[in-house]
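Both complexes below contain chain A, partnered by chain B and then by chain C.
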Partner chain A sequence: MLQKQVLENFQKIVGPENVDDSEVMTNAYSYNWCMEFVNSSEGKEPIPFSSIPKAVILPSTVEEVQQIVRLCNQYKIQFKAQSTGLGPWNQPSSENCVILDLRRMNKIVKIDHRSLYAVVEPYVSGAQLQAETMKFGLTVHMPGAGPQVSPLASATSMNGPGFTSPHTGHSARNVLGVEWVLPDGEILKLGSVGMKNDSDWYIGDGPGPSLRGIMRGWAGAKSGIGVFTKVAFKLFPYPCSTKFKLSGNSPDYEFEIPDYMKLYVMDCKSYSHLEKVFLAIEEEEISFICSHLSGYGLGAIFSNSIGSLMDKIPIAGMLVPLVVLIAARTKREFEYKQKVMSKILIDFNLENVIGSKYTPNSLFYAEALRSNLGLHGFIATGGFQSSKGQCDTVKVCVKTTKESIPLKKKYIKKGVIGNDFGEGVWITSYESGHYFHIESPTMFDQTDEKSVKGMAENMEENYQFDLLKHLGAPFFVEGDKMHDLFGPEMMNYHIWLRKIKKAFDPNGIADSGFYISAK
Partner chain B sequence: MGRIKPSEELRDLVYKCTECGNCAIACKFLGNLEPLEIIMRLREKLVKAGFGPMPKQEEYIQSVKDFNNPYKEPHENRTDWLPKDIKIDSNAKVLYYIGCTSSYRRKEMAIAAARIMNEARIPFNILYDEEFCCGSPILRTGELDTFKQVLNRNLDVIESKEIETIVFSCAGCYDTFKVDYPLYRNYNFEVLHTVEFFDKLLENGKIKLTEKIPIKVTYHDPCHLGRNAERYEEWDGEEVHIMPLITMNIPPKPKRTGKRGIYDPPRNILKKIPGLKLVEMERIREYAYCCGAGGGVKSAFPEMALDTAKLRIEEAEDTGAEVIVSACPFCSTNLQDGINSRGSNLKYYDISELLLMAMGLEPEKLKHILSEVD
Partner chain C sequence: MNNHIDTLVHSLAKICGSKNISVDPNVLNPYSSDMSFFKGNNPNLIVWPSKTQEVTKIIKLANQMDFSIVPVSSSSNDRHHGDTIPRKDNCIIMNLTKMDKILSIDKKNRVVMIEPGVTFEKLIPKLQQSGLRLLLPLYPTGTKSVLTSVLEREPIIIPRYHWDTSDPLLCTEVVFGTGDLFRTGTAAGPGTLSQQKKAGQAHVNPMGPTQFSPYRVIQGAQGSLGIVTWATMKLEFIPSEQKVFHYHSNNIEELLDFQQKLANYRLCDETFILNNLNLACLVKKSREEIENLTNSLLKWNLIYILAGRGNLAIDKLNYLEGDINDLMRDSNLTHLESSNLIDKNEILECMNNYTAEPWRTRYKGSYQDIFFISNFENIPKYIKKVELKHPENLGIYIQPINQGTSYHCEFDLFYDSENGSETNDLEGKFNEISIDLMDCGAFFNRPYGYWAREVYARHIEQTSTALRKVKKIFDPNNVLNPGVLCFDK
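And now, the complex of A and B:
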């Protein structure tokens, strides 16, 4: 709870109805997905609760955010900002912290369909923005977490691969202008929106040196370097007709598949073959989705329950599957893409099982367009999280996959993570194969203490493994412990990160539990 | 309870839920979470711990005990809505269960439903002074013991009358009889909402629509008639561990996904009304936005209920409709409050009223009937 005077001062900024420091509300805000194994990793009780925030504050404007941050500095109280709020990164890491819940900042500020960018506030979801951009024949990059999460959070503060990454890239690469409340309460505008005259949101760099790297680096600061209140990011051509016709009732929907979409699921049979096929397809710049999944993962993206997963044995038995979705806006474009795919199938001696051995429910195509496939990771054990998370060449991603199988099998054998035969990874290309991403979705049971502890151990061993084998930086290099582990192996970047933290947040007011402290 | 103890603060949060069930539907597209049931059990726990229901809800529960309705209205006035020219058949196998809100507050719904059945020459009976509150407003607050008493009394009365079908114009009563009663006591009669009943009568030609109603209408799915009106199915299967951490229900355990809600009958009716154009809101069917009145929220947190209604009215306005139609007296009251508070140009009708107009009863006459019961 806050002291009375402090509470009243926060209330003056946002109104009494938008500050809550009650026991019940602050406890509710201390819950989040995956907190249990974060706690376990830190040697705490494996419960799904973080430190309890002192209060929850709901600002509605950048000015209110600014005033709250200044008050936090005055009273030496840390803040943690969250938007759609999925995951432990949204949680306070100390008892001396307030949560800034940005859900009232929920406006789509601008869609510039000619210059291909949108400006949004924190609580706009990917699905909401996509629904609006579709009216202009455009789409937005949505991270693998799904269409329900905040694209602002992904662009400014998180990692950001997605199923449509071959076409829509990576959150770090899509971010343009930014409105940023620094940890001392000053507002910084990045890129063209910061210009004195004719300011607009179309570019993220300059005038002067680019600060985008400082703002988010590889995986974002998770509110550890301030609060992002508006962001512009790139939009992309919607890959096909924007007709989105769904009928039926949950969960038995029928989707009218737009013209000019075709799914390919092929068994590359070996990882070396996968590597070549990946590059061959992506060099042609034709895919909307181009992902390798394990046999289990393949079955899961077509299934709504563990029961329906059992029906997918014919495809789940594939050795090294590759999923490619092509989509086009004209017949000619579609025919061209199909011809290219036909040639690749012949050149690499591949068979497309879709339409012959397996025909997915039409809803798959809707979920693909809406980037909703990641949620299927929950169907088997009720919980999952990914180890790995590297962004590298296809060679490194495939190497990581192969070499990590025995490690994953070790934990499967212990019975603490779900059995995907150790092969459960997701590899996607970014920007038509310019680089690739790998993560290892790992199923566990969040309600089973043994499984939670096992998952935490599995994550820890993966970090060590990735370092030992030089497999690059995983997703969750966050917090002092992890940066201090990886920094020395990676050109001592952690020293620079600390300098940034110190320069931007001299009072240490932005909660850095998932970033880095100035120390 | 674990981390936090029962308190008034906890109570105030738990009772702000309208129990609309939208969370439950969203959580069952891929998963099998039952957040609505968690809220229900939480309310029951709060009642047992002496913290629930909300004071206003306690008042209406007491009213049900004292007057058989939550409005503190004299029980003997329960049939005041009944115009003299309505024909009631005491031997009919169809029972029209009016419900407290249609009996005392939204009489136009009861009158319209009764007139439609008369026009269609469907013999029906009513319970007169043997009709009591269905118990829905009590159940939703977690006051299970009182609810069970009400349920048993109602079923005792109905089962003594050789009824084959009960027709409800109140979505709340319908949901309670259809979904909740069988969880505690089985019965052997059919349960229908008027939209289902009238849709069938239209289908088999017993209702003829002769009049054009050239208006643009949007339909609001009541939660009690839509996603929540799905019965629990019995499951006699087994949870089988097929491998570590992975279990499978054999045979598959039925999930209440909202797909068996009553969505098409009201739309069928509206589409059959000559001249009427149905335009849909963004959030419909199993994903319909709640009117804001459910779960005892209208009485305990009237401002929140009104704010919610205003949002729904705004959504209805966006369709370009002139009229918002629904099939629930709670939605009727709250949405009309929303219309008035927003200063909206929308008009509200119960679907039975529109149907009655399309059957040839001119709106002027309907107004006349309304004034007759005021």
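And now, the complex of A and C:
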């Protein structure tokens, strides 16, 4: 709860109906998915609740956000911003924190369909934006989390891998102009949108050095460096015909597969072969999706329930599968891309099982276009979280996969995580194979204390493993403990990051539980 | 030599040997001015380090002995933008041309690692031997440093490979103004570079480490935050087939429209628009040839290249050409004319290679370039504005960047610098036009020389405040290129 005077001052900014410090509301906001395993990692009770926020505030404009942040500075109360708010990284790390729920900032500000970019507020979802951009034959990069999350949060504050990354890149690299309320309450505008006159959103770098480098890295600052109120990012040509016809009922919709799409699922049989095939396909610049999943993971992306997972044996039994979706705007392009794929199948002695051994439901194609494949990770145990998350060459991704199998098996044997034979990873290419990332989605039972604790231990051991073997830095290097673990092994970057935090947040007002404190 | 410089020479000699230091005015003079109108100071001396450790030691010494450092990497003296002219007293030039090793060429991962002294004339042929190509700016001068071209965000000519403003820059090794060594992107670790390599990494991910991306602030900093001692850069394979298309028209809008579609659907590799004079300068050498070609060409010229590789190269070209023909038909382009006035190989030479002497000097010996980033809609407005003020001897270059989301617009004002009154006249015009453009929304994202003050004055104050915070972190004693950008306070 807030002191009366403080509450009134917040109410003055957003109106009484948009601030709530009641017990019911603040308790509800302390819940989040995977919070139990974060608690467990921190040696706390493995419950799905974080510290309870002092209040929840719903601003609707950048000016309101600014005033709230200023008030937070005045009262030395921390804030945590959230867009759609799914995941433990949305949670306050102390009791002295208010949540800025940005759901009222839900406008698509601009779609520049000629210059291929959109400007959005935090609560615009990927699905909402895609529906609008499709009208112009365009699509948007969506993270693997799915179309329901906020592209703004992904671009400014989170990670950025998506299933369509070969064609649509990484969220961090698609950013143009940015509007950003700094932790001290100043409004910063990056690039061309920062001009006093004739400002526009078409570029986010300069004049001079690009402050996008302070805004985020491979991972975002997760609200630890301020609040992003608008962002411009690139759009991409929609990969095929924009016809989108669904019928039937959830979850078994029928989808009319649009011109021109073709799916390939191939068993590369060995990891060394996978590496070669990955590169060969990506060098040709033809894929819309190009991902390696384990046999089990492959079965999962075509299934909507445990029951339906069971009849995916022909594909789930594959040793080292590769999923490639090609899509084309014209018939000529489609024929060319198929020709390239045919040649690769011959050159690498591969068989495409789609259409011969297995035919997926048409809904798969709709989910691929909507970046909706990630949700299938939940079907087996109800919960998953990814260890790993490093990103560089295909070689390091494949090596990480291979070498981590015994480690994962150890936890499978303990009965604390789902059995994917230790092989369950997702590797995707970016920007036609210029770089790759690997993560290891690991299924666990969020309702079982043993499983939660086991999952936390598994994550911990993975961090040590990656450090020891120099396999790159994983996703979740965030929070003081992790930065202090990895920093000394990585050019002492944590010292520089702390200086940034101190310079831009002198009062430590932006909650740094998932970032870094100035210490 | 005064005492202070004496001591300095002595200390620097201990770091990199006395033969790598010079106080000779003949050697120093070329560093106190360049082709721009910017006026600065004389450097005290010049030092040529040859290793990262030497760079580190020199920067640490600068912090102790209170002198400042201007880094320079290109081997030629053709510097154009005033960014390497000392602005303060007590400044030395750190010339990095002796750090000129190509540290690795990795074909599989399409990446090269180079030191700052590596020039286009050294790197391009080496890569060609491996079947690889750099993402080049428009016909770069051979003696220019590849690394500084990339650090300065010179536009590259293949927009579809320009995924991010920072491309083709990937990871860097940098010595910050504090004298601390750092590596950005995946090169930060965990592990040493050789341990990372052993694990299969090739430093192709520029993002990070973790929750910040320092390479983005080093880029565009004009050497004022850190000195880069190597960088990795994105490469592409050399196509086995390239087909050149040249269309000209007197209607810029129509060409821009068509080019935008090509870029949006990622149909072509290289593409840009030049006015007749600039295209003539690009492909011809003598003044007479340039004038003849200029007179034969229509005012605006769109060049684009289709490319394919391997067994299916021709299939690829056919599909692209077919799709582009459909696009042209549907776009109802009435002013466009296909041109055969230039040998296609002459154009390809400018796409795939470097030039011995800057092509922009071919017409009148000298030029001043005004360049900025624009959105699509405003390009014709800017062209009109500049042409009104300076109708003659004007080269124009329009380059879609960042996958067509914005445009590099460049106006090359050609003149004879031997002619005093012409030069004076041009200086006035250069300043006036620059300011005019800034006033109507042109985004000067690389604010060199006198532009810097004007540019930052036209941006919200928070931009400079934030940048100064960054400067304070990475170069708290202001030893690196003091006075550039908004770092004058």
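To be clear about the criterion, the second predicted complex is superposed on the first by the 519 of 519 C-alpha atoms of A that agree within 3 Å, B and C clash if a C-alpha of one lies under 4 Å from a C-alpha of the other, contacts with A are read in each partner's own complex, and residues count from 1 in each chain.
In this section, contacts are C-beta pairs under 8 Å (C-beta built on N, C-alpha and C of every residue); 3 or more make two chains touch, one makes a residue touch a chain.
Note that the structure is a prediction, hence the values are computed from the model and not measured.
In the superposition on chain A, contact of A:K110 is made with neither chain B nor chain C. Once the two complexes are laid over each other on the shared chain, residue contacts for A:K76 go to neither chain B nor chain C.
Contacts of A:K481 after superposition on the shared chain: neither chain B nor chain C is touched.
Applying the stated contact rule after C-alpha superposition, one finds that A:K519 touches neither chain B nor chain C. By the touch criterion defined above, A:S250 reaches chain B but does not reach chain C. In the superposed model, A:R173 makes contact with chain C only, not with chain B. In the superposition on chain A, A:K357 makes contact with neither chain B nor chain C. Judged by the number of chain A residues each one touches, C leads among chain B and chain C. Residue contacts after overlaying the shared chain place A:I379 against chain B, while chain C stays out of touching range.
Touching chain C in their complex are the following residues of chain A: 112, 114-117, 169-170, 172-174, 176, 182, 186-189, 191-192, 194-200, 202-214, 216-222, 224, 234, 237, 279, 283, 329-330, 332-333, 335-336, 339-340, 343, 390-393, 395-396, 398-399, 431, 433-435, 466-467, 469-473, 477-478, 483, 486, 489-491, 493, 496-497, 499-500, 503-504, 515-516. Every residue of chain C that touches chain A in the complex is listed here, in rising order: 108-110, 153, 163-166, 181-183, 186, 188-191, 195-196, 198-205, 207-222, 225, 234, 237, 260, 264-266, 311-312, 315-316, 318-319, 322-323, 326, 373-376, 378, 402-406, 439-441, 443-447, 452, 455-456, 458-460, 462-463, 465-467, 469-470, 472-474, 485-486. Taken in their complex, chain B has these residues touching chain A: 3-4, 7, 9-10, 13, 25, 28-32, 242-249, 252, 257-261, 263, 285-287. Within the complex formed with chain B, the chain A residues making contact are 22-25, 27-28, 49, 248-252, 304-307, 310, 375-376, 378-382, 412, 415-419, 443-445, 448, 451.
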